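Since the structure comes first, as structure tokens, the remarks are kept for the end.
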Amino acid sequence: MHDMSAHAAAHHGPPTSFIRKHIFSLDHKVIGKQYYGLGLVAVIIGMVLSWLMRIHLGWTNAAIPGLHLLSKTGAPGDVMTPEFYLQLMTMHATFMVFFVLTVAPFAAFGNFFLPIHTGAEDMPFPHFNMMSFWTTFVAFCVMILSFFVGDGPTLGGWTQYAPLSAVGSVAGPGQGAGVVIWATSLAIFCLGQLFGALNFIPNVLDLRCKGMSLWRLPLPTWAWFITSCMGLTSFSVLMPACILLILDHVAGTSFFVASNLVINDQLQPHSGGSTLLWQHLFWFFGHPEVYIAIVPGMGIVSHVLICNMRKPMLSHRVLVYSMGALAVLSYMVYGHHMFVSGMNPFSSLLFSFPTLLITIPSTIIVLIWIGSLYGAKLRINSASLFALGFISMFITGGVSGFFLAQPSIQILLHATYFVVAHFHFTMAIAALFGIFAGTYFWFPKMWGRMMDETLGKVHFWCTFVGTYAIFMPFHYLGLAGNVRRYSSFPADYMQSFVGVHKFITIAALFTGAAQLIFFYNLIHSRFRGKPAPDNPWQATSLEWSIPSPPPHDNFGGRHVVVYHDPYQYGVESSTGDYVMQDSPEQVKTEHEEA
Amino acid sequence: MATTVHEPPKVEPRRAPGGPGNPGNGGLRNLVPNDDSLPAVRDYAPAPSRTGIWVVMAAITMTFAAFTSALVVRQGAALDWHHLTLPRVLYWNTLVLLASSVSLEISRRRVAVFMGGPRTLDLKPARWLYVTLFLGLAFVAGQYAAWLQLRSEGLFLATNPNSSFFYLLTALHALHVLGGLTGLTYVLRKLHGVILRRSTLDTFSYYWHFMGVLWVYLLLLLWMRL
Amino acid sequence: MAKFFAVTILVIAILSAIPIVRNTWHPVEDISTHGQAIDDQLSETMWEAGISFLASQILLAWLIWRFSSNRAGEKTKSFPGGAMGLVAAAFILVGVEVLALGIFGVKAWANLYFTPPGSDAMPVQVQAGQFAFYFRYPGPDGKFGPIHADKISEASQNFFGLDPDSDPDAKDDIVTAEMAIPVNREIRLLMHAKDVSHSFYVPALRIHQDFVPGLDLQIHFTATKIGRYEIVCSQLCGLGHYNMKAYLDVLSQQDFDDWLRKEAAMQ
Amino acid sequence: MKAHYKTAVTTCALLMLGFGLLYSTHKTINVSAAAGGTITGTIKLDGTPPHQKPIDMSKEPACAKEHASNPVTTETVVVGPMGGLRWVVVYLSEGLDAGTASQVPSETPTWDQKGCQYIPHVMALDVNQHFKVSNSDPHSHNIHPLPAPNGANHEWNRSQPPGTPPFDQVWAGQEVAIPVKCNIHPWMHGYLAVVKGPTGVSDANGSYTISNVPAGTYTVTAWQEVYGSQSQKVTVGAGKPTTADFTFKAK
């Protein structure tokens, strides 16, 4: 029955009414842009929240002018209360992880370019695709809503450990309505992402154009395909977890709440629930989610690098296999988040080995990148700078993984700033660099105009140096035993680190301000940038063989046929040192994959 | 994109099992450009809905797997687990659901025949689809009856963990069944209308049989004492 | 531009390494018997991680420096080793490295979790609640009175819900807000959570264990150095999480006995 | 017909107006009279008070330092020198006329947090009477009152960082008494007694005074956080003080 929708998109002409064209559009390109916009809004919110947190950590009892506007009770006299800090922290994480790191590299770029890479005219089920975005949008609005109810959003952290999250408002501000809204929003979000996977997977399997074998798919498309498989299996686990959590709140069930809990001298009515159950369900989703955030970035960065190295990766297939290995392993390692959680210490060891093994595919990917750089004719532009920056960040984040993969060392480092440094470098900053690289690279194709290179480079330098200045010191704080999720350092605890926190705060404010350059560049170029040619980077994959921006059905009715592997660079052809994937020209190439 | 649309319905010819280098396209098969006229090749494109429904079923499977693990853990976690005896009506419901799958299969056979032949044949298959629809509704009604019975026994959602899981799992399954039934009405509309494409009916039938299997699984899960 | 970028990477890599090399920030001094293995494991990992970090960053910087300058007519070349060489390298180097780490790590972990406490270990119970730790010593009879959740009342300082009138075991239980232990004596710590998840983190003791509501856990350790150390909660437990801490006093046996007597008198 | 209807309406209107006037005058009369009557008395504890445990504040060094010289104990049963029982709320549970009951005092008492203690430990408030919550400590407190669920009063829980201005609160319904906690300092515990009409709280000697009581017969109730409530009937003559003593039995 779904083909009906496909049929609608493919065979009706481009929509004319504004609504169908820009709002409830079935066109995967418009939906991709909508996702991108959503990501932008979310990233701004998340960034501002992190600023407020940082200021509070540096200058605990300082008044932040206007803070009281954000919360009825959270900021008496504009001074941030501990609960408000935790609420901001939770919302920062939630917005960043779900509405930025999942939405931007995967849903936004994926929607726009996956069908083009496969040579399809649109997603197989455009109606579901549209629903996918609008469901996600609803989830976003619901999450925003939690700022305005009762005592504000939940303070339970994005991991929302039970029973703190399940016993209701007696456990703290935002733990009543706040949690219910949070869980509802995420359940809706999962639905939206499942609709997405429902389009991505069949598109890659069934809608590839003639000549487009699986191995001829560009790397980002492989990444998106792998990611959607992960999303399919992990979001469909988070959803039931959220449902159970909501039931514990509104229906008085006891899935996660144990017996005989006493809060505020009040015996809680629940009985018999399992505290660890939530942690297992959550991290079974939570760890793959980390790779859902990072794997698309890997694909995008490889894509950008190859074009700017003017030579293909050492091995297309090894990269694909490694990304696949990451995906598979990511389900076996989730327990390393729970080494000291009271889980059986034997299972801690069982989980630690796959966690250590997962460094192997990661290392292979990095080595392939580095090895491929050898003998390249490297072009330096905003896109490639961010791509190279991604590699640097990913290495830095990766090596700190050595520590956290070992239960014995987690006795020292668990829940310290070391962990914060680790996951920010890997899933947050690296993924963001992937998004930036993708934006500078694909902007011409998405909006038909070039971005400003100078601004792009300035943006890169500030961001690259800034992020290191912010997140490197986190390692040191963690080593010295600075526990995370502390809104301030009371009495005589950890006073010696306040200086470091001040430094980090300043770096964060600076780096955040530098992002304004990016936003300006984005908006200015969108309207005033100079028109983009079809193929500004002399790239080979299908998206560059069609006009920028692409017409409604991508190929203008042309039945595209693919003759080459995706990355035919460093060859001698009529066009120069590259051959487009869909050009019939046969060239002698040393990079043909066996 | 899927271009089989707007073509007169027909039985799709069996495709030779593809190995590497076998011309054709879609699926996991490699395809190399050859001199076949493009449209001809493209007609063999499998309907994405066939893959799509597998994606959907995978998601549903994972969801219920998560609930299963929750149930197992929760049952082992504490001593407050009172195993309830399932209402007898559930067993009748099971038969009803399985019967609906059978009637669906019958109509599928007929549709195949009728699609192959001239369009003048009467719409016998529709009757069997209506039977499926009716049985499906009967199943949901039966589930509702089961809930009423538990209520009368004073077992509510929050009474004890077992009843919580019972209501949760049955309700979610019933929801999915209702979703299937809306799909069925869509199929019927197509059947009476111009085109019913084979893939559409197949897609629906996969889903419906999956619902049956899922229900049997849930029944065992709720019946078993681990 | 590219050369500048290469230099930047280099500088950042070195700057990041300096505090580690100079050991500016480091874990607090270890006062436990099992902690040494953990510290060795940490420095071991630090070496391997540090070397791989520097090596790969420097390599990256060099490649960017070298291959960004397009000489006239220079064609792209391929890495001589080829992909398979790199894959093999990854498997051998990293694989062996991390497996070694993992296997040695098991020892450090086992010291703490797979060795049963000695029969003469001194039992102490810790209860975590929003947002404070409270400790209980069994008193002369060496038995803890049962916890009655319904009797827990912070208003009257009955943090453990004891009922001395009906439970003889509870009569001589000593409840304190600070934890004091005798030096060089093995402690068997019984962990009970009153409300939500908390964590018992004593960096100096190399002890880090979450409280699980509804499930009482047990860990054991021996402190080897007299002094006053910090116990903090590292599991987000609500608005007061940042202020959930207690002090651990490691005392000589003599001082400990005096302290316990003093506390008993105040019950 | 119409005419009748009109007259009916007019009469009703007049009647209502009349009652309205009566009611208002009635009220004013009360207030003037209220100036006189007072109820005084002392509250004693019969028997040995339960042991008050000393509070260890080492978790919050600032407070520990503050009380280093004078260690603090729990305040569940505080007995004065002459066996007077402190922190007992005395109020008029019956006999109040609507007028007096509905008056709300204009002064706004302050519920202070100092040295990790609530000052006062027990505070009596009128329904809808505004009161201030202030923090005199160099660190954050969170104030977490727990009224009975599903009542007119609703639970709230908010922190007050040091140096932030006092915030204003009010309770909507009568409740004796609402326990208040600070979760960051679990030993901090106090009560807010919300009652209609004039009230008194016994001091260190166990004596209390309820002023502005209009003439009439009342049921006076004394509430203590451990021993619960006791009541007795008293008749208050206009202008002259009436005494009502209570004695609680130590369990």
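The chains carry the letters A, B, C and D, assigned in the order they are written, with residues numbered from 1 in each.
Convention: contacts are C-beta pairs under 8 Å (C-beta built on N, C-alpha and C of every residue); 3 or more make two chains touch, one makes a residue touch a chain.
Computed from a prediction, not measured in an experiment: that's the story for all the values here.
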(message) What pair of chains is linked by the largest number of C-beta pairs in contact?
(response) A-C
(message) Counting only Cα atoms for the centres, state how far chain B is from chain C in Å.
(response) 50
(request) List the centre-to-centre spacing of chain A and chain D in whole Å, with centres computed as mean CA coordinates. (result) 55
(request) Compute the distance, rounded to whole Å, between the mean C-alpha positions of chain B and chain D. (result) 65
(request) Please list all residues of chain C that touch 2 or more other chains. (result) 129-130, 154-155, 214, 238-240, 243, 245
(request) Indicate the residues of chain B shared as contacts by at least two other chains. (result) 77-78
(message) If a residue has to touch 2 or more other chains to count, which residues of chain A qualify?
(response) 81-83, 172-173, 258-259, 264-265, 272-274, 276, 490
(request) Could you please write down every pair of chains that are in touch? (result) A-B, A-C, A-D, C-D
(message) Applying the document's contact rule, which stretches of chain D touch chain A when the two form their complex?
(response) 60-62, 139-140, 142, 144, 146, 155-165, 167, 179, 181, 183
(request) Spell out the residues on chain D that touch chain C in their complex, using ranges where they run on. (result) 53-60, 74, 76, 139-140, 142, 157, 159, 179, 181, 183-187, 189, 225
(request) Provide the residue numbers of chain B that touch chain A in the complex, in ascending order. (result) 1-6, 25-28, 30-33, 38-39, 41-42, 45-52, 55-56, 58-60, 62-63, 65-67, 69-70, 73-74, 77-81, 157-158, 161, 164, 168, 183, 186-187, 190, 197, 199-200, 203-204
(request) Write out the stretch or stretches of chain C touching chain D in their complex. (result) 129-132, 154-157, 159, 176-178, 238-240, 243, 245-247, 266-267
(request) Would you pull the chain A residues touching chain D in the complex into a rising list? (result) 61, 73-74, 76-77, 79-83, 151, 169-170, 172-173, 264-266, 490-492
